[in-house]
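Heads up: the structure comes next, in C-alpha cells.
The letters A, B, C and D name the chains in turn, as written, and every chain counts its residues from 1.
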Amino acid sequence: MSYIRPVFRHPDLPRNALGFTRKDYEGAISTLCAGCGHDSISAAIVQACFELALPPHKVAKLSGIGCSSKTPTYFLGNSHGFNSVHGRMPSVATGANLANRELIYIGVSGDGDTASIGMGQFTHVVRRNLNMMYVVENNGCYGLTKGQDSATADIGSASKKGEPNHFEPIDLASVALQLGATFVARSFSGDRAQLVPLIKAAISHRGFAFIDVISPCVTFNNNPKSTKGYEHVREHLAATGTVDFVPFKEEISTEYEQGESKEVALHDGSVVHLHKADPELDITSRRSALRLIKDYKAKDQILTGLLYMDENSQDLHEILGTSKAPLRDLAAAELCPGQKVLDKLNESWR
Amino acid sequence: MSYIRPVFRHPDLPRNALGFTRKDYEGAISTLCAGCGHDSISAAIVQACFELALPPHKVAKLSGIGCSSKTPTYFLGNSHGFNSVHGRMPSVATGANLANRELIYIGVSGDGDTASIGMGQFTHVVRRNLNMMYVVENNGCYGLTKGQDSATADIGSASKKGEPNHFEPIDLASVALQLGATFVARSFSGDRAQLVPLIKAAISHRGFAFIDVISPCVTFNNNPKSTKGYEHVREHLAATGTVDFVPFKEEISTEYEQGESKEVALHDGSVVHLHKADPELDITSRRSALRLIKDYKAKDQILTGLLYMDENSQDLHEILGTSKAPLRDLAAAELCPGQKVLDKLNESWR
Amino acid sequence: MKRIEAVNDFVIKFANVNGTGSASANNMFAKAVFRMGLPVSPKNIFPSNIQGLPTWYEVRVSEKGYLGRRGGVDMMVGMNPQSMAKDIQEIDSGGYFFYDSSKPLDLRMMRSDVHFIGVPLKDLCQREFSDPRQQQLFRNVIYVGALAALLDIEFEVLRGLVSDQFRGKEKLITPNVRALELGYHYASEHYVCPLGIRLERRDAVGDQILIDGNTAAGLGAIYGGATVAAWYPITPSTSVVDGFDKYCKRLRIDPGSGNKNYAIVQAEDELAAIGMVIGASWNGARAFTATSGPGISLMSEFLGLAYFAEIPAVLIDVQRAGPSTGMPTRTQQSDILACAYASHGDTKHVLLFPSTPRECFEMTAQAFDLAESLQTPVIMLTDLDLGMNDTMSPPLVWDDTREYQRGKVFNEEQLEAMSERFGRYLDIDDDGIPYRTYPGTHPSKGAFFTRGTSRDEYAVYTEDGDAYEKNMQRLLKKWDTAKQRVPAPELIKAGKGSKIGVIHFGTSRCATLEAIDSLQAEGVAIDTLRLRGFPFNKTVDAFIEEHETVFLVEQNRDAQMRTLLVNECLISPRQLIPILNYNGTPITAKYIREEILQVVRGDNVRPLRKQRSVKESV
Amino acid sequence: MKRIEAVNDFVIKFANVNGTGSASANNMFAKAVFRMGLPVSPKNIFPSNIQGLPTWYEVRVSEKGYLGRRGGVDMMVGMNPQSMAKDIQEIDSGGYFFYDSSKPLDLRMMRSDVHFIGVPLKDLCQREFSDPRQQQLFRNVIYVGALAALLDIEFEVLRGLVSDQFRGKEKLITPNVRALELGYHYASEHYVCPLGIRLERRDAVGDQILIDGNTAAGLGAIYGGATVAAWYPITPSTSVVDGFDKYCKRLRIDPGSGNKNYAIVQAEDELAAIGMVIGASWNGARAFTATSGPGISLMSEFLGLAYFAEIPAVLIDVQRAGPSTGMPTRTQQSDILACAYASHGDTKHVLLFPSTPRECFEMTAQAFDLAESLQTPVIMLTDLDLGMNDTMSPPLVWDDTREYQRGKVFNEEQLEAMSERFGRYLDIDDDGIPYRTYPGTHPSKGAFFTRGTSRDEYAVYTEDGDAYEKNMQRLLKKWDTAKQRVPAPELIKAGKGSKIGVIHFGTSRCATLEAIDSLQAEGVAIDTLRLRGFPFNKTVDAFIEEHETVFLVEQNRDAQMRTLLVNECLISPRQLIPILNYNGTPITAKYIREEILQVVRGDNVRPLRKQRSVKESV
C-alpha cells in the first residue's frame, strides 16, 4: 500500500499521523434533510477515520438504497463508493472483500434496507463473519419513500400518516448476537462522544463489526400525539394531502457519562431513553449482552455502547484459507496453469 | 364449513370423531429415498391430523422446493397443496391465509429452503405471527441438489463430498424465539411419540407455530470419518465420481421418556444427542427457552420438545382487524360501493 | 419590449425548494384554473430527495384541451435561489419571471427580453405571521394570491378552494385567505393586472375531474373487488396502495363491527409482495400489488410460477425512468419487455396500457376479471407521469349491473355432481382455459396440488415430455383466447384514407393527438391507433398492413413496444418507424410532430438516417 | 425373425433405477466404446429425485461421428421393473432386450419382434459377493461384462478402464474385473456372440476427448483467471462450480503456504451470488457464477445494475426445461429472452452460445475478457444436454502466449500522470467504453462513486434528462462495439450457391449438421450458420438476406432466438421459419430433416400451415 501524502496542504489545519487533514476525509455536501441524524453519523465516520489516520483511498464504502444509503457520498470523498441495490449491499461487500482483503470496508445501511428486504443477506454476512464495519442508521421508518414503518419501528409508534404500528420490532443487535456476530454495538446519532470511539473500534475489529445507530428521521418520525412541535402545520399538510413540508430543524445531539441514563427528546417530542454501559455487562459474553438488552428493553430503555466483542474469531478469508495477497492482485502466471497441464488433463478424458 | 362424511367406508378401520379413517389423511406414495427422515414426519402429520379429526379439505398444505418441500404430496391427499418456489413459501402462505382465515395452514420447508434463500421471508412470517404450523425438516444439507451443506449444518460436519463446514450453524428455533415466535418446538423425525403431540399442539395453536424437526438425510449426511457403514462403497463412488448409489436403509426411530437424554445413531454412524423437556424449562418464558437451548448446546446436546408457547398472542388477522368472515367469501355487494359513491367522489375531484 | 400575449393558452412553471410546502399552494393554483372551466395539466418534476433540492411544477393551460407537455415556459415563478439562474434562462423570450423581491435580484441573472415581477413575499409574511413555520408555509400561498391578480384568477374560486380544503379545520381558513389577499392586493397595487397572459372563464372541462392515475387505480381495485393488497414501497407506485388504503377506510370498513373487509400488508420486499398476491389469488381472493421497475425484476421468478401454474395475479407497474435505480422520480415506458416476457423459460404475460385516470380506474377493475378468467398474471403498465400528476379525465363511472367475472371455478355443488375425475388442467372448453377449485370446497373431490413443476392434466407431477409439450401448447391456445378478451385498441381515422398511421399508447396519447391535430391542420392526414392491451388482436395487424408509413410513439430507448408488435404480428420492424423519447420527461407534441414531418416531407418515407438511428436504437 | 444388423452404428439404452449405482457402470460402457476409436454420445435421462425412480442412459454409437440424439432404440438394457413394460415397447422391431433373468420375465411384456437376452445378474452376484451393497453395485458391472461379449467390446479396454478408475485403490480393481468377467463368460457361453449389432475398432475419434460441458466450463474459469466464484446450487448448473472447485484444488493451491488462490462461496441464494460477483468484479477480481432458469429470474435486478453501472460480471446459465421449476432434469434453450433483456428499463446483455465442451471451455475463459473489456455482464447460455452429458469434443487448448484482456483500467501511474479530472463515464476513445479504476489505486485521484442511479460522466449523481439520454446512447455505441468483439458465427456453405439456409446454435448443432448431411445426400443443398454470440454481427444479416428460405432451429416454444434476430437485424419474422423442439429431450436430426423437407418439397417455401403454427408459437 502506498502512503503518498495529499497534494495540497493547509498549514493551519490539524493533521493526523499520515499528514492528512480532516478535510481529506470529507465528502460531497449532504442532500439529506436539515437535522437528519444520518448526517451526524457521517460526521462521526469522518472524525473516526481521521483519528485512525486511514489512507482514505484504502477504504471502500458500500451501501444499499435509502436516505441512509446515500450517505457514503457525503464522507470520504477520496474513497471508492458503491451505492448498490436495495437490501443487497451485504453480498456486494462480500464479493468486494473477497477480491481484495487489504482494503477497509465500511457498509452503511438503513433499517428498511437491512431488516426488511435485506434480512436474508444481513443474516448471512453476519454468519460469514465478513471483515467489515456494518452500520445501520436506524430511524424506524422508510425515509426516502416518505415515512412508512420499518421492521424496527416500535410497537405503537406512529408514522407521519398517523397509523400506529402493531408488529414486534426486530432488534438487529440481538439478532446479530444470536447469529454469532463478533462485534456488536449500539449508539445514538447525536452522541458523537460515544459514536466516534465505537466506529474506530469497529473499523479496527477483524471480522464483522455491527453498529446499530438510532438516527431519528426528523421528517417522518412525527408522532401526531406529540404535544411538542407543530400540529398546526401538520394539520395543514394533512388537509392538503401533501407531505412536502419539512420545517428546518437543528440536529439533535446529546452527551452523557458511562453508566448514566439519559432521556433524549426527538423533534416530534417523543423521547428515547438511552443507557450507557451497564457495569454488569461482560462484553466477552454473548449471553450477558442478550440478557441486558432485554432487561433494559423491559425498563423501556435502550442499552448503548459496545455490547459484545470476540477478538479471536476467524474472518471469511481465514475460514476459506485464501491467499494472503489480495486475489485481485494475483498475476496470470499464478492463475493460468497453461497448455502443459491441459495436455495431461485431456489424457484423463480419453 | 361442511362436514360431509367420506364416500367410501372401511368398516374395519378405526375412525375419528368425523368418521374419517387414517387412510383419508394419507397422500401419494413417497418418492423420497428409503429411510428418509422426511417420510417419518409425513406419517406423523397424517397421524396428528387423524387424531385431531380435521376435515381434510379444510387444511391447506404449502411448501417451497426441496425433498422436504415435496412431502406435502405424500400426506393429506384430500387437501389442496401448493408447492411454490424455493424459499418463498412464507409469503404464499401469508397471502393464502389472508384470503381465508378459516382453513388450517400447514407449511413444510427444509433447512435450505428456510435458513438460506428463505431467511428473509421466514423472519417476517414469524414477525407477523401468521396463524399456521411451520415445520422445518432439518437435515443440515441440501438433499435434492445432492448434499451441499446448509446454513444449519454443524461446524465440522462433512457432506458426502467430505468437506467439513466452517460456518456457525443457524439455530432456527433460537432465531424464531428471538423474533417473537409464539410457539416454538424441536423434535426428531424418528420420535413419533414426541412428534405427533407436538404437531397436534402446533396445529391447534392460534398464531405462528414453529417446529424444527431434525430429519437425517440418509443419502448425503455420510461423514467419511464414520467408522460404521460402507467406506468400500463410498470409495468406489468417489473413484468413479458418481454419487448415484444409495444403499437401502431403514428409517431411524427412537423412543425415550420425558427428562431423559438419548443418543441416536444415524446411518453413517454419527450420533445426535437428544434431551427431552428439561424440568427447569418454563415454556411461558422466551428467555428460559433461549437460555436452555444454549446450555444444552454447550453440552453438545439438543433440547427437544415444546420450548415456548404464548397462547394470548394476536395473529395477523387480529392485528389487521380484518373481517371475521373469510375475505374470499365476501359478496360483491360488500366490496363494490357502486356508482352513487362514485358520483360523490367525482365531485371531490372537481 | 415584446411580451407574450395569450388567453387561456400558456405554460407557467413554479421553481421551488423540495420540502417548503409549495406543493399544496401549487395544487391550489392548478385547481383554480380548472374550476374556471379551463383544461389544465400540471406536472411535478421532483428530485429523489426529501428536502432542500430543486423541484418544479409545470402547469399548462390549454383552452383547446391539449394536456400533453408543450415545452417552453411563458411564466416562471422562481422561488428557488439554487436554480434561479437556470430557471430564468428557460423562459421564452417575452415571457415573465415572478420572484420574491424581499432580497434584490442578482443583476447578472437579468434578461432584457423577460418581464420581471417582484413581490416581497418574505417581508409580507414576516409582517403578517409570527410562527416562523407559518412564515415559510404561507409564502407559497401569497404568491398564489399574487398570481390571481396577475393572471385574472377569480378570487372567489380561490376562496372556495380554501374552504373546501380546510372543511372541518375552519381555524385554518382565515390565515390562508388572508395570505391570498396579501399577495392579491400587493400585485394589483404594484402591477398593471392582468399581464399579457391571462385566464378567462370558459366551459371547456364539462364534467371532467382532476385526479392522479394512482388514486384512480387504487379506487379501481376497490371497485374491482380486491380484498388483499400486498406491496413494498417504491416511487412512483406508492400512492396506488395509499389510495386503496385511504378509500378502503371510508368504503370497506364494516360499520357494525368496525372490521375491515380488506387486508393491506406492507411486505418485506417485492418477492414477498407478489408471493402474497399469488397465495391469496390461489385461495380465491382478488389480490393485487403495485410496484415499479426494480420490483418487476424481483418479481419475475414468481410471475413465471403464476404463468405456468395458472394462478391469477394483478400487478400495477407504475413505470419510472431507467434501468436499475435510474431516475426514480422521472417517467418512462421502459418496462414493456421486462413485463411481457417476465421470467425464464417460455412465458408471456397479459398487459394493459391505460392513458387516463379513468382508464387507470377501469383497467384496474378489469384486470381482476381478466386475471381470474384467464388464470394468469395481468400487469397494468402505467407510469409516473400519469400515476403521480393530477390529470384531467372523464369522471369515473361504474355500471352497477356489472358482475365480477370470477372465471372457471367449480363450486361444491358442481364437484358433488361430478362423476368423472376432476382434472385441474383439462381443456374442457377448447379455449385453453381449464377449471380451478378453491381450497376447502369439497370434502372428497376437487383437491389438487399446485406446483411450478410440470404435471399432467390432473395436476400430477410428471416428467413426460409429451405431457409438457401438450400443456405448453394449451397455454398458447389460452394466449389466443386472451387476444379476444383484452381491451381493443382505439382507432381514430383521419377519414381521407390516409396512408400514414401512428401507433401510440399510455401517456403518449395527449402529445400524439395534439401533434396529429396540428398536422391535420396543415393537410397531413394521419390515422392513429392507441394500443390498450397485450396480446394484440387482429385490428393491430390490419392497421399496420393498411398504412404505407407507420410511426410508433414510445417513451423508451429500445422501441420495446415494437419488439412486441414485430413478434406477435409477424411484421417487419422496417414497417414501423419509432419515435422515441426517453430523457425522463413526458414526450411533447412538438417533438412528435417534427419526427413525423422529417419522414413525411422527404419523399422517401423510410429515410436511411431514421433507419439507422432505429437500428442503433434497437 | 428380423434382427437389426449394424456395425458401429446403433443406439443402446440403459433403463435403471435411480440410486442403484448404475451411472458408473454405464459410463464405463460408453468410455469403452470411445476407447475403441468410435464416436459415442451418451445421454442421461434422469428424474428430479435422488433414489428409486426410473432413470435412463441412452448411448448412440456412430462411426460417421453423428453425436446428436438419433431417436429409436436398437438395444434396451432393462434393469428397472417399474419401467420395463414401457421400455420393451420402445425397442425398434428386430432389436434386442437385455434383462436380469434371475427372475422370469412377465410373459405379457414379451414381443415377438424383439430378441430377448437374459443374464441372471442377481444370482451371479449373490454367488460371488457377500456384502449386499456390493451385490447391488456389481450387478451393474456384470451387465457391462456381458455386453462386452454380446457387442464385441475388447475386454482389455474394459480392464484398462477399471485400473485407470481405481488407480490408488488397487484393492477395488480385482472385484470389478471379476464382475466384468462373470458377465462376459456367462454371455459368451449362453449366446452366439456377437449379436447383429456390434462394435469394431476404428480410428474415428482422433485426439478427441469425452467430457461434460460443465466440467469444461469450470476449467475454463480457471484458465480465464477467475479467482472468485459465488453460486447457489441448482440443477443442472451445479457441476460447473464443482468442476471449478475440483481443479482449483489441484491447480490453484499455493504449494508453499497451502493457501488458495481462489475463493468459492456458496451464497444464500442467487441474488446474493450475483451480488458477490458484481462486488468482486467491481473491485478488480475476475468473478463468476453459474445458475439455471430460476436463478436468472432472481438475478435480473442485479443484472440491470451491472449493465447500467457498467460492471463486468460473468454468468453461466445451464438451461433446463420450462418456466418456473418446470422439468429441472430436462434440457431446453428457453432462457434466451430472459437473459438478453434481463431486468427492467432499457437493458441488453452480451450472450455466448457454446456447442461443444471445447467451446464451453474457451467461451468461459473468453467471457472474462469480454466482460472486462466491455464492462458489462456476459452470459454464457449452455444447457443440461451439453452441460451434464459426456460429450465428444476436440481437446481443450490454451495458447500460452495469450494475455488476459483486462479492459480499460487506469493504474496508479496513469492517474498520477493525469492532469485533467478523471471521468469514469467519459467516452474518450469514441467506442462507448469508458475507463475504470479499482478501489485503492491512488491516494487522491481516480476515486468515484458507483451507483445504479443516473449520473454524469464524472459519476456524479444527476437527474438531468440530457445527461441520462447521452449516457444511454453511449451504451448503444458500446453495444455496437460489442458486435465486433463477440465470437463470429460459423458459416458452412453447401457450395452450390444454395437458396436455403439454416440458422442454429448451441446443442442443436449435431442434429442440424446430421440433417443437412442427409439432405445434401439427396441433392438438397443447404448452407448453415451457427450463432455463437449476441449481439449479432453483420454476417448474420447477410446470411438471411442471401437466402430465400431460412430455417431457424431452436429448442424452445416461442422461437426466442428469432425475436432477437428480428429485433437486432431488422428483418421480418416471416423470413425465418422456426423449427422448434421443446419437450425437454434433445432435438433429433430426423425431426429437423422432416421439418425442412415439408417446406422445401412444397414449392411454396413458406406454407401457411407453417406460418400459422409459427404465429401461434410466437
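The rule we apply is simple: a residue touches a chain if its C-beta (ideal position, glycine included) is under 8 Å from a C-beta of that chain, and two chains touch if they have at least 3 such contacts.
What you see is a predicted model; the values in this text were computed from it and never measured.
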(message) From the centre of chain A, which other chain's Cα mean sits the farthest off?
(response) D
(message) Quick check: more C-beta contact pairs at A-D or at A-C?
(response) A-D
(request) State, to the nearest whole Å, the distance from the C-alpha centre of chain A to the C-alpha centre of chain C. (result) 37
(request) Express in whole angstrom the distance between the two chain centres, defined as the mean CA positions of chain C and chain D. (result) 44
(request) Could you check chain A for residues that touch two or more other chains and list them? (result) 65, 85, 116-117, 119-121, 123-124, 128, 151, 320
(request) Hunt down the residues of chain C that sit against at least two other chains at once, touch-wise. (result) 48, 268-269, 294, 301, 305, 324-325, 451-453
(request) Under the touch definition given earlier, write down the residues of chain A that touch chain D in their complex. (result) 1-7, 28, 55-58, 60, 62, 65, 72-73, 77-85, 88, 90-100, 102-103, 120-121, 123-124, 128, 316-317, 320-324, 327-328, 330, 332, 334-339, 341-342, 345-346, 349-350
(request) Would you tell me which residues of chain C are touching chain A in their complex? (result) 18-24, 27, 48-53, 55, 131, 133-134, 136-137, 165-166, 169, 172, 232-235, 238, 266, 268-270, 294, 324-325
(request) Would you mind writing out the residues of chain B in touch with chain A in their complex? (result) 116-121, 123-124, 127-129, 151, 166-168, 170, 174-175, 178-180, 287, 290-291, 294, 314, 319-320
(request) Mind listing the chain D positions that touch chain A in their complex? (result) 34-35, 207-211, 219, 222-223, 225, 227-228, 230, 247, 251-252, 254, 257-265, 267-269, 271-285, 287, 301-302, 305, 395-400, 403-404, 412, 437-444, 447-453, 460-461
(message) Quick check on the complex: what are the chain C residues that touch chain D?
(response) 47-48, 293-294, 296-298, 300-301, 304-305, 307-309, 321-330, 332, 334-335, 337-338, 341-348, 451-454, 463, 465-466, 468-469, 472-473, 476, 480, 556-558, 560, 563, 566-568, 570-574, 582-585, 611, 614-618
